[in-house]
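The data blocks that follow each hold one structure.
Look for subunit A in each of the two complexes below; its partner is subunit B in the first and subunit C in the second.
The block that comes next holds the complex of A and B.
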């Protein structure tokens, strides 16, 4: 019979309680999304998927979902390209006096309160004529997402032997080929993690979105916000539940591929 | 494979205020195995990185078969480099690592596969082609690095401390293997190390460096038997250094060392003048223990302060009038009558045993 370890039991109980405490507000959307009532409530007297059907039957919801997918994907692609290139450059030039300055510059969007960035972007986007446009929202989200890619790729490169770059050069590859064939694969785990972060950053971004969009661009988080504001339709809970599932699925697929792609270090002969 | 000759002409590299390479001129013959040997900070790795193209010299030239290559980027030099720590690409298999330089050169796939296989056979790794570097031992990784650097038939092979990460027995084994490989493929090798044993066993010639300068260059035997300076004599093997003054010059030179007369044969490049100071380097293995009544051109008596049994030799430290701690290494022929601490003995050596050396102005 397994004996209970009394000394660590309180800590384990506490740990699970903290986890439940953190996850509960998120998980509550799942029961709410299947309520048979027409207002936001926990299900009473059976469950119903009518709110899911309502979401898929609504052109407004579908358009918002479509826009968010397009914007988040574009943001992910651009942020990964810029963040990876910057991180590789910073890694290559490590020790140069300009690198600490560059790091601060790249991480600035994380440091500055989002509402301040949002206000600045609103002003400038109007002047540039990209207010409430696809380009405007994608650029805005890319600015917010790039620091995550930079951080994750930099972390991946920290343990990379600097000499592999030199080795590639002596074997006949120029600087670009070396970056593509040797450094990008070395940074792969960081690039994948950064891509997930970038996608999610855009996918649930609301503050900047509110400032730089009006009628033309209507992302999913903005739609949820406005819906909650105007009426208490449980469709919001259905959308939230789906958003969460999509987010978890994207992260799980990428992380799983990443784990599978790395051979275990213990496989030595 | 045609071998190529490399020349350095007045190569100098300065970093704000400090001189890493100081006016270095040397020639590596086609097909030669040259080792740059020196303590850390001697500039030997900087020289290798300059040859590879990663360090741009402040002045001076690097010539390959007489053509200057000083301004060529590393990828245009066609030099194979085995890096310290090997720098294998972790995400590629052994075969992909070795194929990389051929892929870059757009060698057709069929020929690429053949050459990768041949080169892996050359370093005896054919059976590990599909492994990843992380799954290999240090010695195997070293061989992959070697195969990758040789597969594209480089003009020159550069080795940066290629064996320093391996344990001692493996190191000795790979020294022999590297030497044999050099003989088989005939490419010019330039090796960098701080390990004198490695330099002596593998190289055709050794260039000893110190403080960015070339101290002496020659075959291992030349450097060992005829060191030009105190630094070289002390760095390559062990030596006793005797401070003496020339008292007479004839067929043999007579010197006075703290009141004891020493006799020394003339050496090429040594022109002693009566009254001058001279420094003699005397290897511990050139000193004999004299039996009762036995004589030698140089004789001193002393008392053993330390006697270490080292299997094939006895390492003795002897207090003598000419040197307070003269090192003597004595071949052991039998277990009987081994000298012990506190014993008094007479030591002797021949006219050619010691070597006059420059006493190192730039110490």
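The block that comes next holds the complex of A and C.
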């Protein structure tokens, strides 16, 4: 027989209400995106996918989605390479005086308010001739994404036995070969998580994007931002729903791996 | 590891150390060092040992990150921040303007107030949720945690848009309340400070929940049992044992929320409807629309100083490990 704990019941109800508050945006975007009306509303009397059709029939939306996919993929690849190399060196050289300084440098883009970073990039991007260019936006996003890769890979390496690195070196492998053949496989979960973080960081990025792009590069978040400011169209709801679906699907894969790994036995009543 | 090879006490061991040193150098495949070491008398071994880690090829792996962050991040940052005292003329004129004029002063005051309110609400609500979560049965706790973590991933734009739909005059919340007959006039929930606060609390709540859960889970259950067995009731145990033990977690959550909220841009811009301007948005308006670089840079300096001030104080109080992810 399970006894209901009446004293804590109100708190538990409140706790679940907070969770509903957290989930509310997820819950509302999907129904609004299938409204048959031409304005933002909950569907009444049937659902319609006309707003999705409108998105896929619009060259503007398609171009924005395509650009965002390319930029996020490129950012992911570059950030994973740079972040992993940095994390491996920081792990291997732990104890050297330069490593704490390196950590601060790498985490700086995460700590500095984004608008401040964006301000600096805007000015210099023009001088470098990479303003409103593919290279410019990918470099900007990579700077924001690298700290995440560094953190996740570092976390993965914490529990790696230092002797496997020594063994590799003793057996004659150089630093690069050891990093590639021994440490990269050891850090694989962190690299995977970092890749997802990097992709989503770029996929969602709007502040820096607004500063370093103009007309040539026009990403999906910029398109959404302008649409929200101009007119509240249900097409935005359709795009938002799709973005959310992508994010939730990707995050769910990671979460599932993480949470499944939590041993239930260690939880205390 | 190389630097940590202890020099032997006995001089007779010098030869062995030299051999070991040569082996290590061989592993690092730096021929110049190998020659250097081989040509030197044994007593120079320590110098060779010390210089070894510095020349390790691992350092080459840092070249990309140093270029990326040095050339494309630090240099632009320093250059633009210097504009605050050089543009349009050399001096502290931009900072004076920030204080003298009513507009920027109000923006700074608004930013500070909104951040403070957001922090208080977020941490209180997160405390309640974290409390419920750590006391829930494992299975249910995992579902709750998954929900919290999932919201962490959703785009700030999508969330702002969703809140706009929910809170608008003809939005879901107002329509529901009207249908229930609770209100006759729509509540002004968005395009004002209320909307900004709702959006910001929603964004920052998960960031406050996670450190609080960590703090609560680290409490030794024996302390709670001891309190009960010594005759304290539930309320007393909660207030004088549980809450004090979570104070570092509360402080960490508050710092994280406050620092993040300082730089908020998109949420106030969309949910404030142009009426609630925070510092980050003000920076962008000053530069992108008014092209006043020096003035924008001065605001950026204020944002940056505030951020590091809060982090610095928190680091002193809590130890940097708790604030910066490690």
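A few remarks follow.
The working rule: the second predicted complex is superposed on the first by the 235 of 269 C-alpha atoms of A that agree within 3 Å, B and C clash if a C-alpha of one lies under 4 Å from a C-alpha of the other, contacts with A are read in each partner's own complex, and residues count from 1 in each chain.
Note that contacts are C-beta pairs under 8 Å (C-beta built on N, C-alpha and C of every residue); 3 or more make two chains touch, one makes a residue touch a chain.
Just so you know, these numbers come straight off a predicted model, no measurement behind them.
Once chain A of one complex is fitted onto chain A of the other, the partner contacts of A:186 are limited to subunit B, with no touch recorded for subunit C. By the touch criterion stated above, A:215 is placed in contact with neither subunit B nor subunit C. Once the two structures are superposed, subunit B and subunit C can be ranked by residues of subunit A touched, with C on top. Of the two partner chains placed around the shared chain by superposition, subunit B and subunit C are both touched by A:172.
Look at A:88: by the touch rule set out above, it reaches subunit C but stays clear of subunit B. Once the two complexes are overlaid on the shared chain, A:25 sits against subunit C while remaining clear of subunit B.
When both complexes are overlaid on chain A, the residue A:224 reaches subunit C alone and has no touch with subunit B.
The intersection of subunit A residues touching subunit B with those touching subunit C, taken from the two complexes, comprises 166, 169-170, 172, 174, 267-269.
Those residues of subunit A lying in contact with subunit C across their complex are 7-8, 11-12, 14-16, 18-19, 21-26, 28-29, 32, 40-42, 81-83, 85-86, 88-89, 92-93, 96, 102, 105-109, 111-125, 139-140, 142-143, 146, 151, 154, 162, 166, 169-170, 172, 174-176, 179, 200, 203-204, 206-207, 210-211, 221, 224-225, 228-229, 232, 236-237, 240, 243-244, 247-248, 250-252, 255, 259, 262, 264, 267-269.
Residues of subunit B that touch subunit A in their complex: 52-54, 73-75, 77-81, 83-85, 87-92, 100-101, 104-105, 131-132, 134-137, 148-149, 152, 158. Residues 1, 27-29, 53, 56-62, 64-65, 68-69, 72-81, 83, 125, 128-129, 131-133, 135-139, 141-142, 144-151, 153-166, 168, 170, 172, 202, 205-206, 221, 234, 259, 262-263, 265-266, 270, 280-281, 283-284, 287-288, 293, 296-297, 300, 303-304, 307-308, 311, 324-326 of subunit C are the ones touching subunit A in the complex. Interface residues of subunit A, counted against subunit B in their complex, comprise 161, 163-164, 166-174, 177, 181-182, 185-186, 188, 263, 265, 267-269.
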